[in-house]
């Protein structure tokens, strides 16, 4: 099976890889190619979500987690966001449109409490202007508008508890 | 629900308890009685198999495991074997007959390799006489006959790998 | 000890509550935890001998609720309270209420806390004892006075809240034109934070180090200092990494700072553990900053280099014992570094990241100590400070301690929430940190630099391979086929193996 | 260091392989693990930078296979090999083969190992240097000679294998009538175990202590001793608990033992880390027993009281560095105790207990070090020594170290396999252990006593309640409803709460 994989480092650098894994009759992987290059690979799942990889003799202990943003892979202290696509599937790239066209959501980057709505519905805002302030762990964080426009909708009242990923406002 | 529970310490001391837990409509336990005595109880499963108990204000972190012998409960370094019976069920006490009547099995107390059969089939043995030697982790262990009798059957050949709980021999 | 406490209540949560519970256990003293509604399953509740609920998540209703905490102490029969740090630890009113309730507060007296609690009143006591201060005013100032003092000491100057701490109510002023608006905003911020708008002025020290001295005083007049801690690696005035000894302090400077710290403590009749903070300029002059009247977060680095246990000693001192050693018996050996592991995202404005820790693998082995308040499966609540754990490395030399900490960070894995683990790797490999060139602005400057992306090169490819393998095998969440003791060579749910030789077939 | 190794292969497994990998990482040297078929998922494979398979489970085919290990070293480009302890660590032939292959053996020379490997040849070298020996013969004896020597030193006497160790080929003989059968059985046991049936005789010391001295010698003629370790708590001649310092050794005795140990090492041209073992009688006379030409299992207690890292030093010395300190720089501080955590059942004849560790919670916090070779979910193979981990406690005093170790044992939880954790709790609370009244027969006597059942009283009831709750809730195995960051107050899958007040309704 072939996977198209985008790996993004914590610093934001994204890199694309094409990984081909071929299974033999016994279900074991008999071939591993990365961007066309064949590699000696030995993998063992040692704990739930923890993989021991031996690649060309080098040993890696790899942890895997899921969050609202997708799958993360941790390797000796570094964490990468990974986006795995099976090119044969019809599912489009999950990446959300990145431009400033159309309505844009402001989502909560963490669980917390809404402590202040800076720009109520109907307010005209600039890109980067604060819209909502949420608080968690004794820290207040201002969520900013991703584009210039009008606050179309505020989904949360002051004092409300929100979860990571909740859409708090829509800017149009 | 009422449970009859036998708790055996590592040192071999067994004690019986009758624990009554009554659930309310919401599924929560509303009443806990041990041997008839009502106790203030607060329980939370903090990790798979790990329970935090607050009983009359005292805090206990309790671990639970299963093995061939049944359920084990660990509390601050002590481990107990527990045998839980629901008295309404028809299932008899699981305790195996303890006397010396009838055929008796010799079971492997641990995984290992059979290194020597001391008493082949047909041998007459005394109680406590060695029948089979198994080895694990660089240690040889002689398994002894539980009763005087004749070796009726040897289920493992020298060199065979055995698992904990496997019946290796029958003495009749 | 004959009059040792019968039971100690810990009026705190998180790693420090666990730390104190462990000390109690080691001393044979039963411990009592208190917990808010969101902390029922917290580690400190599980580790203590007893635990009692004290109300809703909001700290004001639980961990800051003096009445409830004293009621639990009475109910449980605790005759002493350890306040940890934060929460009520520097609240003189609480110390007073404990005394009134006949419960020993493990810390200084309310009177000593009050003297140190107000920066200006502390200054009066210290100046008389000859403690060096940053030039400036020794009390709250009117705006007109502020203008005069600032001219006298020379710009740039710092405005500071007299009742403050933690950076609140602080303003750097470069020129007189900026003074008025800074004075007003500092005053109003101070009012909001500390119920007192008093501000004072100090000469601004460019690129200072923050170095503090641990002191320990018994109730019989003995006071010792236990070396210093370098705490210059800060973000928003919050310490991020601490170490002992400081790379810049030699024997002679340690002696002078230590003796000054003891003088500070004694001038306020201080007892129990406390910390005297100094600003140190580039010429290694040190100036008294403030005294923290509690156990510090970073106390483990002092424990590792002195070989002492500060919490044991706090409890012994509070129980009336004399210090079991003298200044000359204190030997410093080796080097210790602490990293404060927070649930926050260093790649996204350091936003807090509460939530469930779905996986947790902690480092161990030679020279590694971890003081943690969390466990795998614990849901870090959003109601409190984001500190999860303190990771401390000890080694014979500073270089070795840095290398050891890097090794430990490599072993550390947390998933489900974001943490600042990657930040430490970056700091510890920064040339200025390695050279010991530290000041309180160092971290902000480093964060403004572009991180070197070179390091990731190799591991991104490995991450891609791992992701493909996880995708191929469903999710790899269950470690299925291991049947107890049976499958000695089949610990893993599955194994894959692709050899190049295979390709040649 | 300019000529530091480029890569180090670790010819071992388990905790010691992990220990050495960590040291390599801290020193910036890539590490190479080797593994047998059953160890593919072992911790040392996961922690190392590289890992290569070396064959089937049987040690003879893998971890003892000199040819395969040297082939891996060559293939991986390793220029040094750390042997750990056990396996090939005291095999002079292996040290020789490394030298021939141009790979540095991190340990003494083959020549020094050979001198120490035979007890009788070691004795010749030592006697010349004035090292004290237990009265007896200094070489293998015929039966007739044995009769003479036994008469001369007086019964009881010990028969020992000249090439032996670990108790094999040893016999205690109380009277001449027993000598012949003991001589024959010791000889044949020695033949089987060591390929040499040579036995010698020593005066039997009643209730001796086993105390050993750590030495460290560089390749430039410097040799230091690093205090002693008390290893008297033994079962079947295997150490169970070790500590440093010894409760019975004072400064003067430490100086005499240390100087003797250095003399022993120097008489054999010894280099790198080694341990000189002594028997100590009740009058505190010490007698040379043997020298172990490797890193000991129990080296961490020395590291904690000296503040040094022995593995770093081993590697530096092997790379040609001079010792970075002198004898006068060695400071001992505090007290350290080590427990060897084994997969064995202390309640059932200490039967080994390999299998899958279904749960593992390890202790941490102040003064606790854990050197582990396992992890949760790992299946402990049945093919090797049952040691899982070493738990080490450090504290300012022996009493505190004991209390701290008890605290750590309370925190330790392993399920799926049996371990000897409960045994340590029993030993550490035994009056003789607490009083420091130790000898090599102490543990056997303790095990013959009936354990006090009093302790279990309370916890059996709690176990019953917990069992009922687990039974009521199915199995409690899954911690189900926690949806990532959402359910901050619902970390647990379920909660129960029964209050007495409820009963009154």
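Letters A, B, C and D mark the chains as written, and numbering starts fresh at 1 in each.
Throughout what follows, a residue touches a chain if its C-beta (ideal position, glycine included) is under 8 Å from a C-beta of that chain, and two chains touch if they have at least 3 such contacts.
These numbers come from a predicted model, not from an experiment.
Chemist: Could you tell me which chain lies farthest from chain D when each chain's centre is the average position of its Cα atoms?
Modeler: Chain A.
Chemist: Quick one: chain C and chain D, Cα centre-to-centre, how many Å?
Modeler: The computed centroid separation for chain C versus chain D comes out at 36 Å.
Chemist: What's the distance between the Cα centroids of chain B and chain C, rounded to whole Å?
Modeler: 47
Chemist: I'd like the Å distance between the centres of chain B and chain D, where a centre is the mean of that chain's Cα atoms.
Modeler: Those two chain centres are 31 Å apart.
Chemist: Two or more other chains in contact with one residue: find those residues in chain C.
Modeler: If we look for residues of chain C contacting two or more partner chains, we find 40-41, 47, 353-355, 358, 377-378, 382-383, 410-411, 416, 479, 484-486, 488, 491-492, 495.
Chemist: Hey, what residues on chain A touch two or more of the other chains?
Modeler: Within chain A, residues 42, 44, 46-48, 52, 66-67, 110-111, 164 contact more than one other chain.
Chemist: Using the touch rule from the top of the page, what pairs of chains touch, sorted by label?
Modeler: So, checking each combination of chains, I get A-C, A-D, B-C, B-D, C-D as the touching pairs.
Chemist: Which chain D residues qualify as touching chain C in the complex?
Modeler: Spelled out, the residues of chain D in touch with chain C are 18-19, 22-23, 25-28, 37-38, 40-41, 47, 57, 300, 303, 307-309, 311-312, 331, 333-334, 353-356, 358, 362, 364-372, 377-383, 394-396, 400, 403-404, 406-407, 410-411, 416-417, 479, 482-492, 495.
Chemist: Which positions of chain C touch chain B when the two form their complex?
Modeler: Contacts found on chain C: 33, 40-41, 45-52, 76, 375-378, 484-486, 488.
Chemist: Can you list the chain C residues touching chain A in their complex?
Modeler: 343-349, 351-355, 358-359, 361, 382-386, 409-413, 415-416, 421-422, 425, 451, 453, 455-456, 459-473, 476-479, 491-500, 502-503
Chemist: Where on chain A is chain C touching in the complex?
Modeler: Within the complex, chain A touches chain C at residues 1, 3, 5, 7, 9-13, 15, 17, 19, 21-23, 28-32, 34, 38-53, 55, 60, 62-67, 71-80, 82, 84, 86, 109-113, 136-139, 141, 164.
Chemist: Would you pull the chain A residues touching chain D in the complex into a rising list?
Modeler: On the chain A side, the touching residues are 42, 44, 46-48, 52, 54, 57-59, 61, 66-68, 110-111, 163-164.
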